[in-house]
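Data first, discussion second: the structure below is written as structure tokens.
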Amino acid sequence: MQRIALRRMLEQFYMEDIGSGDLSAQLMSDVGERQAVIHAKQSGIVAGMDIIREAFALLDQEIRVSLLKKDGDAVTQGETLAILTGKASTLLTGERVVLNLLQRMSGIATATRQAIETLNDSSIRVCDTRKTTPGLRMLEKYAVTAGGGYNHRFGLYDGIMIKDNHIAAEGSITAAVAKARQQMGHMVKIEVEIEDEEQLHEAIAADADIIMFDNCGPETVRRFAQITPPHIITEASGGINMQTLADYAGTGVHYLSLGFLTHSVTSLDISMDIRFADELGPTSER
Amino acid sequence: MQRIALRRMLEQFYMEDIGSGDLSAQLMSDVGERQAVIHAKQSGIVAGMDIIREAFALLDQEIRVSLLKKDGDAVTQGETLAILTGKASTLLTGERVVLNLLQRMSGIATATRQAIETLNDSSIRVCDTRKTTPGLRMLEKYAVTAGGGYNHRFGLYDGIMIKDNHIAAEGSITAAVAKARQQMGHMVKIEVEIEDEEQLHEAIAADADIIMFDNCGPETVRRFAQITPPHIITEASGGINMQTLADYAGTGVHYLSLGFLTHSVTSLDISMDIRFADELGPTSER
Amino acid sequence: MQRIALRRMLEQFYMEDIGSGDLSAQLMSDVGERQAVIHAKQSGIVAGMDIIREAFALLDQEIRVSLLKKDGDAVTQGETLAILTGKASTLLTGERVVLNLLQRMSGIATATRQAIETLNDSSIRVCDTRKTTPGLRMLEKYAVTAGGGYNHRFGLYDGIMIKDNHIAAEGSITAAVAKARQQMGHMVKIEVEIEDEEQLHEAIAADADIIMFDNCGPETVRRFAQITPPHIITEASGGINMQTLADYAGTGVHYLSLGFLTHSVTSLDISMDIRFADELGPTSER
Amino acid sequence: MQRIALRRMLEQFYMEDIGSGDLSAQLMSDVGERQAVIHAKQSGIVAGMDIIREAFALLDQEIRVSLLKKDGDAVTQGETLAILTGKASTLLTGERVVLNLLQRMSGIATATRQAIETLNDSSIRVCDTRKTTPGLRMLEKYAVTAGGGYNHRFGLYDGIMIKDNHIAAEGSITAAVAKARQQMGHMVKIEVEIEDEEQLHEAIAADADIIMFDNCGPETVRRFAQITPPHIITEASGGINMQTLADYAGTGVHYLSLGFLTHSVTSLDISMDIRFADELGPTSER
Amino acid sequence: MQRIALRRMLEQFYMEDIGSGDLSAQLMSDVGERQAVIHAKQSGIVAGMDIIREAFALLDQEIRVSLLKKDGDAVTQGETLAILTGKASTLLTGERVVLNLLQRMSGIATATRQAIETLNDSSIRVCDTRKTTPGLRMLEKYAVTAGGGYNHRFGLYDGIMIKDNHIAAEGSITAAVAKARQQMGHMVKIEVEIEDEEQLHEAIAADADIIMFDNCGPETVRRFAQITPPHIITEASGGINMQTLADYAGTGVHYLSLGFLTHSVTSLDISMDIRFADELGPTSER
Amino acid sequence: MQRIALRRMLEQFYMEDIGSGDLSAQLMSDVGERQAVIHAKQSGIVAGMDIIREAFALLDQEIRVSLLKKDGDAVTQGETLAILTGKASTLLTGERVVLNLLQRMSGIATATRQAIETLNDSSIRVCDTRKTTPGLRMLEKYAVTAGGGYNHRFGLYDGIMIKDNHIAAEGSITAAVAKARQQMGHMVKIEVEIEDEEQLHEAIAADADIIMFDNCGPETVRRFAQITPPHIITEASGGINMQTLADYAGTGVHYLSLGFLTHSVTSLDISMDIRFADELGPTSER
């Protein structure tokens, strides 16, 4: 992950949570060093481990962080992800932001992995959309890759999507693609969203880089994928959920883009326990 | 909602999505004015309507926005939430950030309303936690209230929570509450998290403002609520989900704080369609 | 103090003072290491000692800082607060921002301590208001606590104050408090500002958490405090200054909130001297 | 005042005060338009009137502001400074930041005017120092000019001050001034701080642009001013307060720089009252 | 251009130039409205016209701006680009930032147009690089398109460039491209930089999207372009300047990327004159 | 250079270039440590060496930087400026921003040195203008001094320039200078721009600190410089370029301000090569 961007985000998130100060931490007598153990309370895929280190470093450079898992690792309930050692009050102050991010990102990675397994067709790639949480796109798209998925464009700035309104404005897919080729440089991919076979043929003739089958059921996707020449990448999107995903196996489409990976996240349950030094027996073996 | 904060957030979110420019919008021929209709594709509770106006105003002050619903309104599938009129390319550029926020906030409002209805005990209030999406706390906590719920503290800065680690550090609940009373001003509420009856009695004796029953089942909650004198507010938290919620009806506790309202959001499906001027007949009736 | 917030403030303050560069420091030949001694030129209470370390760390991580006093300590004229060692030009560049903050915060802490001593009634707490310098609220409220005072709410976001305009809008204190109880969660304290005995009785009946006697003289405060039941916290505010403060001793009110602590600050005179290494004899004894 | 800078400051100050939202304003029923009257509760010089308009415009562009005084005007107790008309809750939300700034700036302008009158020698100018509140330098230096004073340098970036440490590093005043002339461009003034007559003669010989007599009493200032040739500007600083100021009349020095104008501010008492429409009779005559 | 980003940049640039205030403008008596005429003192291509309107709107919403040229227009010496009407002091305060940007962007557009004309081969596109001025990439890349050129990738985030170090790390071009295809989603173009024919054949076999001939002379470029199959885009870069550009005509390469367009800019001479109202006769004809 | 400002700028520039992440670096297998050698591909004057250390420290605190040249040093083609050791992918990610700044600043330093040598009159100083790249003024003005030139004012805030519009507004140069002296403090220099001899005499009589001869040829400059008494600093500006510069030698003017130093920069060609450890033989000798 991009560290300058990550540091800025974490600073902003701590400003949101701590504001003018952690009142409860101010109360707390200094009780020396503690160990905080971050562990999974649910099985899943973890994502965002680097955040633990960067986040606590912003609060207190004396906190020592030992990461026992890496992004993309499958963890089972009860497994330890990381051990932190340092001042007890800082561990408590920093906990919530770290868990909120880690749980959310791991939830996305877990859903992505689950989608891939549900689909069960390694020739089809699962990817994300722009339906991410505003402010967290970098983190959420990273979590999709940690789960084994792929990233669609990051924003409006790094790829062309020609949709119905663009087609209407230019008069035809042919005209819209020609205009894009005429105006855009060679680093920009041009994707056309189509809704029916007539549009598909037009998009193929226009030689779009990518054709997206919008809101087509699995059978139509299969047929459209067969019609499309192999040098054009195909993508299906719209109305695909964890229940219908398996129906797209074997359709031959290259990509399935799934909004639910990021717009409706179920956090992975991860928590942090703080222990006294003399309770650390088992941990010290790790 | 706080407008200066909202404007800053929206600016940041558009910077994330548009970056150096909307490549697809740059392609688009100017086709005059269009109407964009934002409508619900699912029934639920809407939240975040003001965002529509503020967001598009950042992009283009010529966009006219007509809001047909207000926050907290129940909408049914197909209902129109807002109508926007303006330059087609701006409507397309601004769409995603607005929908991402509106769907997420309406998802939270809907879940909150559903929780309240599931609980079906108007003497118990449903409230949120600090398990919100980093960067969106103001918006997510607002969405909880739009759904009929209440806000717990906003951050570490506006309320004291005395938990196990604080108790351990000070030696006892009694000592921890006394210290809080000694150090904190009169605008700060002091909440104590307890896990068993012994702790409950100690918290009552210490005269905490609020006592939270942590991870206790409904029967324990009922018993603890009866034990606690009426001038102390009671709260149950931990392990309560949409399935177990109804079990807490009639327990007499004052608040149930529910992390899932914000940590695991299912977006409400809301979309935006753009229409040509001559398609606008039926809209004008609304 | 919240370190992320503090660092951001210090960065902003140095940008204001140094701008595109310290012209005088650029002139200066490198003369090796120097010691800078920060000492009090007046007796008082110090506040803001951590700022010394954080501020110079932003400019040059080689500066070594030794703090000889801690926040809340009483110092007498001539006493050394801190000794810094490092590059002479950096010590000069960093001096003014540190002293401006330290003097101002120590001025507030000193005034707070003086107010407490003047009042001479340990059953009454002295607290601040929102009449702080814009941009410095966190620091100024911290300084009040360093002087032995208490913090009223930090902003409009962490406590309810029902004043005349709210009462007029809702029709009565009773209605306004009921509405606040209805809409606000359990972490929010509700304070009602009253001006006469009729209002006091209404506020008591409404069971406000805190009742503030606005602009009442000491005799009225004493009478109102006696009328108010003990479970409601009382506060007097308005028109109390260092001259009239002692008159409130023995009134039985719980809090006196004093705007002058922060709106009219007399800095504590603190200065920094830079010495050559061979002049350091007496310092090494400290 | 620089409007972009002012707007940024006001945004920051409102974020500090309002945070995630004004809880009390959220409670308030909409009661239609109100008038808010800002008036002086004390006689003095006002400064910062433009802030009223800019600040409320950030919160609500429907607020109408009518300014009855301009910066530098003398006001007497009870005089109205401005009348605002708009939504009652916005008027309440915006009040504190505006008053905190206006009171502080007017306090500085008033102290400046008072210093000038106390000095009672129109041939000597009163100016400020860098002992301003961090974050508010632009506003506080502006307030000094509103009171009739002058600005010393704005920061370390727009003028050279050669002090004892610079002299020690370069070996002599002569060497330090020569180096400054050699290295600095023609837009930079070079001021030398001197402590005794020997240094004064050296600074004159070095042809400093400005010579500052540091911590010299009035008699010494008079003598040094006579010694200094007229084309060199003279300044006295250090240890001058409202009590000793008059002693410097007739000394012939050009500038007195007074740290207390900004480091120890007594706010001018200014308040805002909100009135119902039918109470507005007398106001409409103004 | 992206308006939110542009506004943020302009705010930053005015903060840099105006700082705490325009001293000269503060001096100036109010002389009523003036017209400012921005005109070319040199022939060339203009770029950045929208900046004029956005920039002055930040300073004063009363300034009226009439744009007589649009981006990409060729202008000749003496032609008027825009006429502004408003307060004289604001026109002066805002002038320098606007001209600095307009001159620089027009210089880039002019150089781009000149490069295209010098090359004189409409089958080859001229594009930019990442050798832009830090902080101005959006504006400079926009200026290249205004001059008729194309944009290469905007940053490290929106396209893959496989260079010698990547090849060395992965062992071969084949391995590096395969890894990129394996890890990257379908919106990302993969460009391989090659230095000799052996590498070219490997890049073709690996089916790179784009092959860049690095530092090859025109003859080698011609040969490599012939070897490369037509579905792969070719680009030449390195060591091409205005003198050697024409040698690349007819080579059959698709793109020439030219660092000098942005790393070594000669501003187009544009200036602003302010006139009194009675001098405005001839302008009204324009 | 001011380090806090520099760090903020570098963070912004890396955000611009890296955005959500360096896609090519993400691909790259970890190949252990590498050395990156920054060397000149052209002779010239270097400026901005400190940027190398600060920039890479933002990305990775493990990068070790050894600087072999210092700002203002003349380098010849092929000379090594700095050697960096660290993770290969970080070296690649950080390269472009550093080179873009270093090349541009060294281009400015080189042009400045060349201007001084072309002028060949050590009694005349070469200085810059406000025609700098928006956002980079601090860096570009620093580069001018590294090349041996001087800085004119940094912005509108640190010096008065009385130009034709100010003169027209006040009625005369005499009135404008008198007003400036009346209103401005003693740290502000007052420069008057004149166009003919009549204005020159008026500016001399008004005792301006600096008189600028605007757009006068060398003969006029010589004559005006002789007329002006020696205690007033003289400056010539307007229409002076590398071709006409030598004509101003011997004119007796004190300063020549040259817009082209910063508005039309030719970068100095500097590049960075990354080497394997076993290729490091010759470097280790340095």
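Note that the chains take the letters A, B, C, D, E and F in the order they are written out, and that residue 1 is the start of every chain.
In the analysis below, contacts are C-beta pairs under 8 Å (C-beta built on N, C-alpha and C of every residue); 3 or more make two chains touch, one makes a residue touch a chain.
None of the values given here were measured: they were computed from a predicted structure.
J.: Give me the chains shared as neighbours by chain D and chain F.
T.: C, E
J.: Kindly point out which of B-C, B-D or A-C repeats the D-F interface, defined as over half of the contact pairs being the same residue numbers.
T.: Selected pair, repeating D-F: B-C.
J.: From the C-alpha centre of chain A to that of chain E, how far is it in Å?
T.: Centre-to-centre distance between chain A and chain E: 33 Å.
J.: Please report how many Å separate the Cα centroid of chain C from that of chain E, as a whole number.
T.: From the centre of chain C to the centre of chain E is 51 Å.
J.: Would you kindly tell me how far, in whole Å, the mean C-alpha position of chain F lies from that of chain E?
T.: Here chain E and chain F have centroids separated by 22 Å.
J.: Between chain A and chain B, what distance separates the C-alpha centroids? Give it in angstrom.
T.: 22
J.: Mark out which residues of chain C touch at least two other chains, giving numbers and ranges.
T.: 18-22, 137, 154, 157-159, 184, 188
J.: When you draw the chains as points and link the ones that touch, which shape shows up: line, ring, star, complete, or other?
T.: other
J.: Name the touching chain pairs, please: which are they?
T.: A-B, A-C, A-E, A-F, B-C, B-D, B-E, C-D, C-F, D-E, D-F, E-F
J.: Spell out the residues on chain F that touch chain C in their complex, using ranges where they run on.
T.: Residues in contact with chain C: 1-5, 8, 137-138, 141-142, 154.
J.: Show me the residue ranges of chain B that touch chain C in the complex, using the header's touch definition.
T.: Checking each residue of chain B against chain C gives 125, 127, 150-154, 157-159, 184-189, 191, 210, 231, 233, 235, 254-255.
J.: If you look only at chain A, which of its residues touch chain B in the complex?
T.: Where chain A meets chain B, its residues are 9, 12-13, 16-29, 31, 34, 88, 92-93, 96-97, 99-101, 103-104, 107, 130-137, 154-163, 165-166, 168-170, 176, 179-180, 183-184, 188, 263-267, 274, 276.
J.: Taking the touch rule as given, give the residues of chain C at its contact with chain F in the complex, in rising order.
T.: 11, 14-15, 18-22, 58-60
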